[in-house]
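First chain written, first letter: the chains are A, B, C and D, and each begins at residue 1.
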Amino acid sequence: MIELQDVSYAYGGEAVLRGMDLTLAPGSFHFLTGPSGSGKTTFLRLLARQLVPTGGTLRIFGDDAAAMDRDAVAGVRRRIGVVHQDLAFLDHLSVAENVALPLTVAGRSDPEAVRELLAWTGLGSRARALPPQLSGGERQRMALARAVVMSPDVVLADEPTGNVDWEMSMRLMTLLVELNRMGKTVLIATHDLGLIRAMKGRASARTLRIRDGAPELAGAGL
Amino acid sequence: MRRVLTLLRGESGAGRMVPRTGAAATLTLGASAAMGFLAMFALALTFASGRLADRWSDGLAGTATVRIEAPRAQVEPQMRAALTVLRQTPGVAEVRALSAEERAALVAPWFGEDVPVADLPLPILIAVTEAVPGYDAEGLRLRLAAEAPGAVLDDHARWRGPLVAAARRLRLLGWLSMGIIALSSAAIVTLAANAALAANARVIEVLRLNGARDDYVARAFVRRFTLRAFIGAAGGTALGAMAIALLPSADAAGGFLTGLGFRGAGWLWPLLIPPVAGAVAFAATRAAAMRQLRAVS
Amino acid sequence: MRRVLTLLRGESGAGRMVPRTGAAATLTLGASAAMGFLAMFALALTFASGRLADRWSDGLAGTATVRIEAPRAQVEPQMRAALTVLRQTPGVAEVRALSAEERAALVAPWFGEDVPVADLPLPILIAVTEAVPGYDAEGLRLRLAAEAPGAVLDDHARWRGPLVAAARRLRLLGWLSMGIIALSSAAIVTLAANAALAANARVIEVLRLNGARDDYVARAFVRRFTLRAFIGAAGGTALGAMAIALLPSADAAGGFLTGLGFRGAGWLWPLLIPPVAGAVAFAATRAAAMRQLRAVS
Amino acid sequence: MIELQDVSYAYGGEAVLRGMDLTLAPGSFHFLTGPSGSGKTTFLRLLARQLVPTGGTLRIFGDDAAAMDRDAVAGVRRRIGVVHQDLAFLDHLSVAENVALPLTVAGRSDPEAVRELLAWTGLGSRARALPPQLSGGERQRMALARAVVMSPDVVLADEPTGNVDWEMSMRLMTLLVELNRMGKTVLIATHDLGLIRAMKGRASARTLRIRDGAPELAGAGL
């Protein structure tokens, strides 16, 4: 599904990530962890084809990421839902419209899915508000709802629970576990080891830890 | 063309993606309106100077005199011959021998009002009014020389020369200012489109990150901003037209120099301003949108 | 005024807070440049039409003729009396009796080139050249009636009337277009300032949230944008001046209608454009900054 | 120092916070917790005079918040450092310049303090980068550095550790504890109960929990 062969990435100067050999198999569930600034967001941006590897080969759904044209990139993004760490919304559209955005730009519509996701993330009563009128945690939940609204093949979530309380975290995780059970690939970047430990029992999750610029499987000790 | 049509039909979905209000929207509307207003005045000015130039050259070119300089006995037959030639000349609208009183009036400034006409050896004068298109002066001179050798055609070229030059120059100034205003308008509308697109850089990024194709994004913006420029320019043009229509009429005051304003079908010209503004905005917005898109993966 | 001075002295610290580049900056610069360019041309047009109007009315107003209509015996004394009166009249620059040949040339268009001057009872004509300021035509008429009753003053008012009206109207058109361009420029620069400030709404909010006083924020923006408008307008004006200087000289071509361009001290006028643009940007930016600030606590 | 008497706040419709009677004494250390959307950020915005109470009386440094003029508000903000949940920076200025911003707008300068704070928050090597070139956690650390650079009388931090790993969280907390020891008032809004528990031993911190629209002291059970 997503394969990395000796992939590296540098923002100009020294490489942030390097020598990455990894395969995200369909239906897998991964946590990605590592200290702040270690390259978690960079890794997710590579997988979502927001960044192009500066070295090595990255294949997304079988296609070489470096060789894709812009419409192919748009196509890939319709199959990969992303919770961005900086949660970018269209501030002039309502919460419901923002959640429906991936559907809208694909020329589709699924009010049912939007409603259900808003209800599950506790945003039902805020559906008509504008994004700037939400609290930090509410925005994070909205971003998760938007990432999964198309029921994409892959879900990449960057710190999706950094601003929500424990109960809501568990609720959001349940959503991702459900999707994973439906065969979707899930990857969650987080520094919250408590969250990872809590989920160990509920999903057959594996943990990748970024060390020396490359994610590697963490031992059972985590 | 097909692209423009697709554009105007538009997609209600994509249209929603572009913020409806804000400084970028006001700027596009306002800049187009100001430019439509200016262009309207420039057009009026161009037309006015064109009309003025036409009037100067036509008004003077439209009249000529034929003077019969011949021994007393030949005056009468030569006059008749000249009249015949003139009546047969294509491009001559009217031919009329001037009466003694009319001839006296012509020389009055030099001799005074109660000039003794009968006593003066005033030559016979024939007034020639030119049609549109006019006659061929050289050909006419040749024919007159052949059939009425004493007839001298004076088409007032001597007086006309500088006035025609002046008229041409005035018309040139009109077109020059029109061109300069058109160029500045295009520049301003382009800058406004760029600024508006830059203000929406975040929107473009979010759309792209959520799987929108370049075409979808570009079309949404191009449609919205082209419409805004069109509407703004239409508003500005209408305002300008109103202002011009409200200016005191020129004919009442002077009569010589026409005022600002359009005559008859001339009022159709300003109708071109909004589509041109729209077209400029279309090109500028599309280019700006594509540039912004290239900055996002 | 003191505010403007404080502004130009500026604070290096606050200046850094405003982004140096971006579409907002380009827009302010570009809009001011386009407007400076347009204003330059409008100014040139206004001057050209003003000069043209002056030339028409002055050129015609400057000459007059006095015709002596009297019994043959009185012609000579009345002419001398008229000449004396004219020479004593303040505002008359030159007085000259026309020779027989000159008088013949005047009537030539009506009688032909080889008019038998001697045979014609051509009246005596005196050419009068007016000084600046001119003479009092009514007073002159009265004095002539008293001292040389056969002398008739013809100041060509009949011919001049429409031309003077036309010249006035042309000058009016010049000032009108100048005013309209000035208004549109002010509108565009204001819109650009608004858009630029809106694009920087986030910057204003961050500054305010970090303890900046309103004055500090406003001053930083006002300074930056006033300078940009000034520089842009100066650039546009310089470009316009270059374009005008490069236009082919008018005098070579026509002589009757002056071309675009400034004469002597006229070149000082365009120097007003950049400060005026800067002043408009100052007012607009300050108002926009205050409005944006009011939206932040 | 900061006193609330029956303070309430409504964003138009129903009040988010109401009936708040509370005093933040100088030198106190509080955690503020509550579920996502309960009003933590709103409460902090009231204290920083970003919002004006829609009911009741709020006194900041003795002055009525509702009666302050705009220059007085700027003055208050120079005595209160805030870590905003949405971390607003000037993207055209460097990290170091952003950290120095509260000093700059006050017409002051303290390169030494800026350098030390950047080093402590692990941003020393990124001092010349622009904010968009930082990772999420790096931005959060930058926001904390900026909030304390003026050594303000009060520090309000809204989820200051939502995007950083545990070790870095502890490092940032140490900074706030140090400031508190110097007599500064500290209030930290967080949903991270683990963080609150870990700090209980290190500072004489009290925990406020928002319940029914008003923060109240949580029992020792937390």
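The working rule: contacts are C-beta pairs under 8 Å (C-beta built on N, C-alpha and C of every residue); 3 or more make two chains touch, one makes a residue touch a chain.
Composition by chain, UniProt nomenclature: A, D = Cell division transport system ATP-binding protein; B, C = Cell division transport system permease protein.
Not measured: the values here are computed from a predicted model.
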*Would you kindly tell me how far, in whole Å, the mean C-alpha position of chain D lies from that of chain C?*
63
*Measuring from the mean C-alpha position of chain A to the mean C-alpha position of chain D, what distance in angstrom results?*
29
*Averaging only over C-alpha atoms, locate the centres of chain B and chain D and give their separation in whole Å.*
67
*asked:* Report the inter-centroid distance (CA atoms only) between chain B and chain C in whole Å.
replied: 23
*Of all the residues in chain B, which ones touch at least 2 other chains?*
none
*asked:* Going by the touch rule set out above, what shape does the chain contact graph take here: line, ring, star, complete or other?
replied: ring
*Each pair of chains that touches, named by its two labels*: A-B, A-D, B-C, C-D
*Mind pulling up the chain B residues that touch chain C in the complex?*
22-24, 26-27, 30-31, 34-35, 37-38, 41-42, 45, 48, 52, 65, 67, 69, 103, 106-107, 109-112, 114, 116, 119-123, 125, 152, 154, 162-163, 165-166, 168-170, 173, 176-177, 180-181, 184, 187-188, 191-192, 194-199, 250, 253-257, 259-260
*Can you list the residues on chain B that touch chain A in the complex?*
13, 16-17, 19-20, 202-203, 205-214, 216, 293, 297
*Report the residues of chain A in contact with chain B in the complex, numbered from low to high.*
48-52, 70-71, 73-75, 77-78, 82, 84, 88-90, 92-93, 97, 101-102, 104-107, 146, 150
_Contact footprint of chain A on chain D as seen in their complex_ = 11, 34-37, 40-41, 85-86, 122, 133-138, 140-141, 158-159, 162-168, 191, 193-194
